[in-house]
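What follows is chain A paired twice: with chain B in the first complex and chain C in the second.
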Partner chain A sequence: MHSMDHKKQIKRFVLENFLFTDDENALANGDSLIQKGIVDSTGMLELISHLEETCAIKVQNEEMIPANFDSIDAIGAFVARKLAA
Partner chain B sequence: MRSLSSRLEQHALSAPDRRAIAEGARRIDYGTLWAQACAFAAFLKTSGITPGDRVALILNNGIEAVVACYGSWLAEAVVVPLNAQARARDLEPWLRHCDARCVVHAHDHADALGVLEALDTSILRVSVGAANSGSRNMDWQEAVATPGTLDAPQVEPDALAMILYTSGTTGAPKGVMLSHANLAANVDSITEYLELTRDDSIVTVLPFYYSYGQSVLHTHLASGAFLVIEQNLVFPHLMVETLAREKVSGFSGVPSTFLLLLNRVPLGDYDLSSLRYLTQAGGGMAPAVANRLREAIPQARLFIMYGQTEATARLAWLPPHMLDAKSGAVGLAIPGVELQVRNEAGQVCAAFEVGEVFARGPNVMLGYWRNPEATASVLIDGWLKTGDMGHTDTDGYLYLSGRRSDMIKTGAHRVHPKDVEEVLAELPGVGEVAVIGVDDDTLGQIIKAVIVRAPAADLSELRIKAHCRERLAAYKIPKIITFADALPKTASGKIRRSELQQQEAS
Partner chain C sequence: MTKLDWNVLDIDYQQEADRIAQRLREVTARELHKRGLVVAISGGIDSSCSVALAVRALGPERVFALILPERDSSDDSAARANILASHLGIRVETVDIAPALAAIGCYSARDAAVRRALPEYGEGWRFKIVIEGGIDGQINRFRLVAQSPAGEAVERPLGLSEYLQIVAATNFKQRIRKNLEYFHADRLNYAVVGTPNRLEYDQGFFVKNGDGAADVKPIAHLYKTQVYAMARFLGLPERVCAAIPTTDTYSLEQGQDEFYFALPYRAMDLALWSLNHAVPAAELARVLEISEARAEAVYEDIRAKRRTTRYMHRAPILVGEVNELDLAH
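Right after this comes the complex of A and B.
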């Protein structure tokens, strides 16, 4: 899967599971998922296991930081880096 | 009685450079905290806020929330910390009910902004976090730059200090009225059994708009201790890194907080040797979890505690050395408080006889704000009827066994099923609905909605959750939604929630 497709797919997951909508405009790619209260601690676990399953990556404990997971853009870039590594 | 603001003043005068609060990269010492609180008080006074006026806060945990609280007290106003996660449908009735004369809110809190537009324009608004965003909005930075120094006012012990709303808005809101004496008494009791001193420090993630978070804040400030504010537990290992980095002596949480740390963080990889005390309240902690926690952080004393907002925060504590001997107990009454378990006839129960817990002490609230009926139903002959069921053993240790009400405890939050049911019932296509709490390994309980669809209604789970998200705080949205043909009811048509609960358990 192309990294752009990953990002779209991650966004779709967040929209469906945390915002309960398919409206792409409900969330900007740069919006903070944590500050806006979209993803809480259990939500973050769900999101990470989803990424591990669908993108075939393994997220290490030290990688679980806001810089990697706080927005669709950040997650997209993180997944792209992981897949390139 | 020594008011909480006079205690803060004392630390500010005797040790102004002592660190008081850290929030991310921001730090504030006692001298600056006091100066900002004085400035905010001066701002309130010059803006026409008079003693007894309500100042509502719609803020996440942060330095501003603390300054606004103590500043309001210095202006002899009443602080009303509102749940910053709440949506407009709760915020508006709360603001109306408490008749707020000033609202301090995050500049980008969309629901707060919307509600303020709809409310009385004479309400003084203070916006935190961005430059002045309109003529009717005062900027926080300007407010705390108001010139003014003062001594802590001599407050009447029984004067109202704070209103904490404990429920949503189905029916009349319940705003717990706490006096300055209530707050001071509970701080004294807790400080005594935790043996807090100015050398203590704590990481706190508990919201200040709940009584537990308030209690952690005020006990530590009154001791001259240091508080490190963490905003959330989204990344539990970052919280543990903070505990290790700041070498704090204390940490407070609800059962789910400790479960997150135990299950998701290799605690042995961190140097947590500075931790002296851990406190737990907000729901029962399974003895197995308490044991895991003690194994993971063996030198820290674990304090199991019990209380409720109506008692300021705390009613009972289990001395750490009794944790094994009294496994499962919430302990003994805190200093200054009396506890009784009473049967249906109102008589004090014998040991091991289950009844309802009653409490008496200087921490028991004045009543519910502008709700004499609700007040009369729980304050009876000087005693607080807690709604919690339990028994004592022959040594007087209290064990809890559920509540009379249907309230759901999920993580650090309390949710009244009716608040969620009311929102769901507004969705076209929902015929009938019942909301219950079902057991969850981490959160204690999660919210489940059982829905009977109206004839020919086409309702998806996604549609239902989207409807809830528009109207409810995220933690109130049902995690599980099931559809049923009918709900179990009594002969008079009342939903049998307990039967749904039993179906769930079987």
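Right after this comes the complex of A and C.
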């Protein structure tokens, strides 16, 4: 899958799983998921499990920092980096 | 700015004990309209201090204590609780809640989840859960630490669904205990005392509708360090005052701080006080002798736990107004 498609797929998951909506406008790609109260620490783990399952990546302990997962843009960039590595 | 030091947690214990006792009398009589207080005592410092304050408020004849052990409780906890009850001269009843927990599926649901992470887990094994990452600025994750019947230590990362099921099953313990507390409260027309200290209350270290449920929480504003000092001031038995805080919830012995808090409780107290009083992380770092980055991570961990557990403090949310109830009174 192309990294742009990953980002779309991630956004769809966040919208459906955390906001119960398919409205793309409910969330901007740069929005902080933590500051906006969309994802808490349990939600973060859910998000990471989802990425590991669907993007075929393994997130290492040292990569589990909020900066890598705090927005759709950040997650998209992180996944792209992992897949390129 | 005045310099941060450990003395910021010092208070006048005589005055504070009297103030709490006075308030407990008022609350029980005029707000709750009850005749006395039920307190479940674990032998730990918080419930010991709470029950002693209840006695100071209403006298020993109006306080009813419960000791509620189950399979994973340490015998020493119940022994300390009994010593305390005798010391205070209060009525006490011990109920082994293990059969109720077994019947409701607490142990079987828990063990099934543990076995998903560690297939060899079974009879004679002991385990605990460790939370890690937060202190290093990472997202908190979970690890299973187990010991085989032969004494061999085994560790496994714990997936989210396994972790959630272990916690959900284990929460039966606090919720079944609360059922018994309210049984006796209803029977005696008493109110139920909740016993969290400030660290636990602030950081959501309780089970919603389990130990979090109560009619009054007399030490929720006191830092853990202050609870220990209050217990000394109240002259509680040495074995109670010297008790080391454990969760007493998992079969492998576990310190509360290793389970949930980023630092040992004294340091956590100071960190929480400092965050509450807008002390810069650098100043906290100086007193705790840790790096500024670590102090900043501790602040962030406190904030993150507040966010995650905020809903546990909330009453059920209504979606329309019912103003006529005027629940402030």
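Rule of thumb we're sticking to: the second predicted complex is superposed on the first by the 85 of 85 C-alpha atoms of A that agree within 3 Å, B and C clash if a C-alpha of one lies under 4 Å from a C-alpha of the other, contacts with A are read in each partner's own complex, and residues count from 1 in each chain.
Just so we're on the same page, contacts are C-beta pairs under 8 Å (C-beta built on N, C-alpha and C of every residue); 3 or more make two chains touch, one makes a residue touch a chain.
Since we're looking at a predicted model, the values are computed, not measured.
Following the overlay on chain A, a clash is recorded for the pair chain B and chain C. With both structures placed on the common chain, the touch criterion links A:Gly37 to chain B and to chain C. In the superposition on chain A, A:Glu46 makes contact with chain C only, not with chain B.
Applying the stated contact rule after C-alpha superposition, one finds that A:Gln60 touches neither chain B nor chain C. Once chain A of one complex is fitted onto chain A of the other, the partner contacts of A:Phe20 are limited to chain B, with no touch recorded for chain C.
Chain A residues in contact with chain B (one complex) as well as with chain C (other complex) are 34, 37, 40-42, 44-45, 61-62, 64-66, 69.
Chain A meets chain B in the complex at residues 16, 19-21, 34, 37-42, 44-45, 61-62, 64-66, 69.
Chain B meets chain A in the complex at residues 85, 231-238, 260, 264-266, 442-443, 462-463, 465-466, 468-469, 474-475. Those residues of chain A lying in contact with chain C across their complex are 34, 37, 40-42, 44-46, 48-49, 61-62, 64-66, 69.
Those residues of chain C that touch chain A in the complex are listed here as 133, 137-141, 159-160, 164, 304-305, 307-308.
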